[in-house]
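Structure provided below as structure tokens; questions to follow.
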Amino acid sequence: MSTQIEIVLTPINREQYAVKSPPHNAGAIVEFFGVVREDEAGSAIQGIDYEAFRDMAEHQLQLLIQKAIGDHDLLDMLCVHRIGFVPVGAPSLYIRITSSHRAEAFAAMTEFIDKLKKLVPIWKHPIPKDQE
Amino acid sequence: MSTQIEIVLTPINREQYAVKSPPHNAGAIVEFFGVVREDEAGSAIQGIDYEAFRDMAEHQLQLLIQKAIGDHDLLDMLCVHRIGFVPVGAPSLYIRITSSHRAEAFAAMTEFIDKLKKLVPIWKHPIPKDQE
Amino acid sequence: MKVSVRFYAMSRDLAGASERELELPSGTTLSIALEQLFQDVPALKVLRTSSLFAVGLDYVSHDTVLEAGNVISFIPPVQGG
Amino acid sequence: MKVSVRFYAMSRDLAGASERELELPSGTTLSIALEQLFQDVPALKVLRTSSLFAVGLDYVSHDTVLEAGNVISFIPPVQGG
């Protein structure tokens, strides 16, 4: 088990977190990228500036990951959130879950994202397209 | 939109299928790897030899992808199934779905996998661990 | 008319061959063709309710009317993924 | 006793500062401390029901008894992901 969380200021590079060889009881790996869309609340944007209470965000992510692993019997889980300015088309969030069976991984993933969006202290500041 | 399906005899190399830049209305990318587990029906195995009716498998995958895209308003979808011998720990299945919102991507993914496992003519021949 | 039936995985093991020809009256449905197949190769009967059948690359229902030269695929429960 | 309150995102905009000190009787609950905060900075009241509050790195309930030196975080609705 190599659980980790990371809050980064630089682009999320999936390769950096690649699983060299998954545990031999792994049957499913589910990955999620949350990507910044070209519009926010109907207005064209160039990106989103994410503000975080970083220490608390890391701590809360860690709590949510421990709960996900316990509730769904996961083999491994990783969550990376990018903060600062993230341009349209780039991922702000990357999550990977490894489990024996796919149902557990999908259930854990959707629950985890729902909770992250309620409890992890990170906020969006959309940057309009016409602003320098 | 760059929908594709592929049935391959060689290891699935995710990098080969990397999205250079997702469509600007993309908000979620969900990826699934189905990995060969170390045991099959309780017995230790070295891997699974997948048999396919390849032309039909490709055609059926294409039908399922078109249905998933239509039903869930997806932006992009890719499915790669490896056949022949796949060792324990290696992925036999890789699926990627891109959509505007995550709920659509997760719903499409779980439905698609369920249907694939009922309709795509591919069969498992597990190879026991002690067999040369 | 002649149609052929192709077997895969467990259906191939039970049929002892990967393909078999059937000689049928024209206008025969898949349902009737299968009756004849199960009569010719009784070992396949164990897969009767669990299998699906295709003509060409598409699944077809039992009331499909076959045509000369059709290739029927006998698809035992699939296990992809 | 003194406790401090830290503001983020919309709560910082409304408070016009990223931090504020509160002077409270010892044994004060978060609930009472917030009453004083909303009295001092009425603009924050709009976030009253939608916000969560933490002491240190953990969310706490309104009946939590505060201690001198506690750092309370005023967490307006989060928007991560």
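Observations, loosely collected:
We just call them A, B, C and D in the order they show up, numbering each chain from 1.
Keep this in mind: a residue touches a chain if its C-beta (ideal position, glycine included) is under 8 Å from a C-beta of that chain, and two chains touch if they have at least 3 such contacts.
Since we're looking at a predicted model, the values are computed, not measured.
Between the contact lists of chain B and chain D, the overlap consists of A. Chain D has its Cα centroid 27 Å from the Cα centroid of chain A.
Mean C-alpha position of chain A lies 48 Å from that of chain C. With centres set at the average Cα position, the gap from chain A to chain B is 22 Å.
Under the contact definition stated at the top, not a single residue of chain C touches 2 or more other chains. Shared contact sites, meaning residues of chain B that touch two or more other chains, fall at 34, 113. Contact between chains, using the touch rule, shows up for A-B, A-D, B-C. Residues 6, 8-10, 52, 54, 57-59, 73, 75-76, 78-81 of chain D are the ones touching chain A in the complex. Across the complex, chain A meets chain D through its residues 34, 50-53, 55-57, 59-60, 81, 92-93, 113, 116-125. Note for the complex: chain B touches chain A at residues 15, 21-22, 24-39, 88-89, 91, 100, 102, 106, 109-110, 113.
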